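A, B, C and D are the chain letters, set down in written order, and residue numbers restart from 1 in every chain.
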Amino acid sequence: MTQDPITLYRSMLVIRECEAQLNELFAKNLFPGYIHSYLGQEACAVGICSGLNDTDYIVSNHRGRGHYLAKGMALKPMMAEMLGKATGICGGRGGEMHAADPALGILGGNGIVGAGMPIGAGAALAAQMDGLGAVAVVFFGEGASNNGAFGETLNVAAAWNLPLIMVCENNLYAEMTPFAQTVGQPDVAARATGYGVASEIVDGNDVLAVRAAAGRAVERARAGEGPTLLELKTYRWGGHFEGDPRKYRTREEEAEWKARCPVARYRRHLVALGVEADRLGSLEAAVAAEVAEAVTFALDSPLPPPESALLKVFA
Amino acid sequence: MTQDPITLYRSMLVIRECEAQLNELFAKNLFPGYIHSYLGQEACAVGICSGLNDTDYIVSNHRGRGHYLAKGMALKPMMAEMLGKATGICGGRGGEMHAADPALGILGGNGIVGAGMPIGAGAALAAQMDGLGAVAVVFFGEGASNNGAFGETLNVAAAWNLPLIMVCENNLYAEMTPFAQTVGQPDVAARATGYGVASEIVDGNDVLAVRAAAGRAVERARAGEGPTLLELKTYRWGGHFEGDPRKYRTREEEAEWKARCPVARYRRHLVALGVEADRLGSLEAAVAAEVAEAVTFALDSPLPPPESALLKVFA
Amino acid sequence: MPTKTYCWAIIDAMREEMARDDKVFLMGEDVAAAGGAFGASRGLLDAFGPIRVRDTPISEEIIVGMGVGAAMAGRRPIVEIMFIDFLGLCLDQIANQAAKSHYIYDGMFKMPLVIRTSSAVEMGIGPHHSQAWEALVGHIPGLKVVMPSTPRDAKGLLKSAIRDDNPVIFIEHIAMHRIKEEIEDDEDFLIPIGKADVKRAGSDVSVVASGLMVARALAAAERLAGDGISVEVIDPRTISPLDFDTISASVSKTSRCLVVSSSHKNFGFGSEVAAEIGERCFFDLDQPVRRLSPPFTPAPFGRQFDQFLNPDTDAIVAAVRDLMA
Amino acid sequence: MPTKTYCWAIIDAMREEMARDDKVFLMGEDVAAAGGAFGASRGLLDAFGPIRVRDTPISEEIIVGMGVGAAMAGRRPIVEIMFIDFLGLCLDQIANQAAKSHYIYDGMFKMPLVIRTSSAVEMGIGPHHSQAWEALVGHIPGLKVVMPSTPRDAKGLLKSAIRDDNPVIFIEHIAMHRIKEEIEDDEDFLIPIGKADVKRAGSDVSVVASGLMVARALAAAERLAGDGISVEVIDPRTISPLDFDTISASVSKTSRCLVVSSSHKNFGFGSEVAAEIGERCFFDLDQPVRRLSPPFTPAPFGRQFDQFLNPDTDAIVAAVRDLMA
């Protein structure tokens, strides 16, 4: 992935627009099922993936659209997948929590919290065996760090010096429960040391900070220096899924975090760098149009035929 | 449990004798199945349990005789259980890896590495709810610390401030694999901090050091100050089970550790304290005789009737 | 008698039993402050406080495992595993610990542990939130597996499960949460575990239906009655131990048996019933025991697939007609 | 043809396939330096080095899960879970990840993962090392479940499993490690997954026997032949997908069927066979399909219990005589 500032901004915008337009669909009752919104976390996926190649792997979770898009998944098949359409990247079988693209090293999402960690470690192991310098990234929420797979994965990654980057997007809540209420120690990154894994805590709303930390971690991994755990402190603007009344937190807290909007922040940075507002404006319009086109494509696409449920149980 | 020095020594001796006499049975082909010997780790169980009451809980693992005896399980039913006899404390159904005694808070062994940890946390939770100051201890090997249950348990114990003492007997090997080869960081205790759990590394062959550390941990737990992880550095003299040819380590390493014998070491301490060798000698003879009696009792006891396998599936 | 939803029946059962016995407590993900991911523990935190109604970390293995330990130490835990699809993360604690402790330790410990979990079959949420795994846990000795199909059954069975000294897996169906039924207003209203319920009497065909399928079997029976086919509908209510006596008594009478469930055909609920009834009622049967089940595939995302994969009333009607042919 | 033990047949299969395809690698607890907890990977570390033969931490969930990830990234992992009793610690990775990825992702990923595991039924090691869980994994769509009963079958099936692009659970039986058999000395000697094997032809009764029970069924057949009863012994070899065509062809011929296995009766292997054969062969059967299985209890410590709980040759002989009565 390229790292030029405009591309970086564009990548965040695409995610932002997708989430916004999906929420509109949901409000209009046009979305089949749950939406796990990525609004507010755009800098995480984009910062991390901006330093990865197509040959690097990512493993996502239930909140995966940001990851898919940042790693380069094409908009239309991604969007169609979310709506469960036949034109989706998985033919609509995976749906909102499951998309993948082998050509880009996107090894899928997951409906099981934490289950992606061992899968990421396995991809890192394969990459290490291949010896071509590829790395694997696992995205997971802070809630997932309480699952047993977390400790097992950190340990084996350290023991085997795997080129694995564990990216914890700490958005403070796991479903309706504040993370702080389920732990004895609030920083996920602090758990790495005990397993012999390097770690950093990063402002997850600052795409440049995320990108820089990712760069360090990727460099270490490619150099054979082993795994890193990055904890990105961030916030999900929406509920656990759309429609969640968010009784577990205050509207003030939400407003505070929205004021730290990662997209607006990077936009200000670009303006300060001298990028003209016009250029950004037309980029924003272009992205909105592109996403709208993808949404239309997805809406207009047919559902997969029910009988296709019987196919592909086995290779 | 009392803490007087002779009782402490006696407790270690009982374990030592049991292990020695069971190994003899095994050599004579009189033992039905595997023996996971506790030889060399006597100071761990005794040091920990010497500070516990009958109302405190322990949860053991596959290498459990030391724990059972140190917590006070009667010799004969314990020994008969090991041989799977009807007079065993579980009627011989549990066998070598499973004994329990509700009256003494001994909540069983386990054939599944790591599975005792959540059970211990559950007992600690019950103790906390009871509000009577009881604590729960889980014994596990360093190998078990690589299992997912370990991180989950540390986390919840810290989050809920459970009166739980996690006792890792680090005897350097898990079956035939050296611990150091399966981790990125060799101290299990170091993993506690990241989860917000207090920890100590202790010389597991020094019963007084273990007892002191256990005392501190128990005190914290009873005072409502939460969990502690104690890592006791020790060594199992035998193989993973009797008959294991121990190709994964050197006879020199074994000799070094035998020179650090926890029983002999405490005996020297007692002699230095002025206890007469005679008194110790007759204690040793008495314990040997008592264990021999238990072995005879066990050998002479009948097997449970096969049809009893159909009983007690449900309460 | 008050009318309650399936969801409130579950809440009521827990509230009544928690009030009755202070050893009972509830823990699981989002069960306390949020009142349950599906609202099935609303009000319990307020009623019983944070010691007895606890939000856990996302740690399925210790959710069950702490339940095991707390039960061994004298409590009567109710633990919640949000979706039955997550059982793979805690099956060791279920199958090797909870189910075997009473047995291994010669009856010295009771294991009054209820594991509440939900099936989301047919809700279109995709492959990790759509499974019917009652047969999986049905294969484990020492467990009881309960699957209520109506609000009243849910309440009476859950109360029995909480009072039971054995580990009980209690499988709720999210798709049924809002259905309503009149329920006895009696604190000691219990439905026994291990007893099947003849939901409709009939004489021509026995339809054994569980969970979501009970209502469809009843609807099918109604339609078939119009054609003069009299269908007996049996809801086992308890998957393990299965009440074969009730089922075989029915089949001996009707000579025909259809089993309908959300459990995959292969190694599933239907196979267990067909094997045992095929044996017990061999000389009474006019036709082999037939199974209507989802085919042996995962469930893709989307309701259209669920509808295609799972038996509906039409399919039951057709299968019964086939049996009568 | 060289004579090999069951254990060496397994080693040979892995060695040949690892030599043939450098994408194949092995990981598990004690599989490398120690050559396997039961010696079933002796020599592989020396032959292929520490990159391809790896000792793992005691972390069952990631042993399987890393296999899943490595397979998605182009490798062909063989992972070992020491005892099948430990599957409860990794069932999510097996059932939700390995078994479903090809399906969910519309065939974009293959899942050439072999999960080798051992059953220790009847070895007296007690409740956590004594289970026959083939039916448990048999209930999961997307998995293949293979259970060889002889050295030759073990080799041919394991080689097929390694070459298969789907996840395969390969269940070894420790009690059979030392039995010997002649095996073809051919690097491409394969036994197809999904095909049952008629281990002995006969005309009066079909005995479907799996795993440890095959040898007993054959011994029983030998004894019964002396009484003039001709027994056909069918070893399914593959538990899922089950080759019902071969079994039903046999039962159509014999009109009588007994299923013998180490799998619990309830929701077990026998129920699956009895249900399907009871349906397919209903009008051919003279007697119901009978199941000989351990009763529905855990296994206590000690061989006397195992002998009591598990079917032996006498029991098979008696059951066949009953069927003929």
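Brief remarks follow.
Just so it is clear, a residue touches a chain if its C-beta (ideal position, glycine included) is under 8 Å from a C-beta of that chain, and two chains touch if they have at least 3 such contacts.
The structure displayed is predicted, hence computed values, not measured ones.
If chain C is disregarded, contact among the remaining chains keeps them all in one piece. Chain centres here are means of the Cα atoms, and by that rule the chain farthest away from chain D is A.
Chain B and chain C have centres, each the mean of its CA atoms, that are 40 Å apart.
Measuring from the averaged C-alpha position of chain A to that of chain B gives a distance of 45 Å. Our note on geometry: chain A versus chain C, Cα centroid distance of 36 Å, whole angstroms.
Per-chain CA centroids place chain C at a distance of 30 Å from chain D. For chain D, the set of residues touching two or more other chains reads 56-57, 59, 61, 85-86, 88-89, 92-93, 96, 103-104, 126-128, 141-142, 296-298, 300. Residues of chain B in contact with two or more other chains: 93-94, 98, 110-112, 146-149, 152, 155-156, 159, 181-183, 313.
If you draw each protein chain as a dot and join the dots that touch, every dot ends up joined to every other dot. Of all residues in chain B, those touching chain C in their complex are 57, 59, 89-91, 93-94, 98, 100-102, 107-108, 110-112, 115, 117-127, 129-130, 136, 148-149, 152-153, 155-156, 159-160, 312-315. Interface residues of chain B, counted against chain A in their complex, comprise 146-152, 154-159, 161, 181-185, 190-197, 226. Residues of chain C that touch chain A in their complex: 29-30, 33-34, 37, 55-61, 85-86, 89, 124-129, 295-305, 307-309.
Within the complex formed with chain C, the chain D residues making contact are 61, 85-96, 99-100, 103-104, 126-128, 133, 135-136, 138-139, 141-142, 240, 242, 264, 266-276, 278-280, 282, 285, 287-291, 296-298, 300. The touching residues of chain D, when paired with chain A in their complex, are 25, 51-52, 54, 56-57, 59, 61-62, 64-75, 77, 92-93, 96-97, 101-111, 141-142, 144, 165-166.
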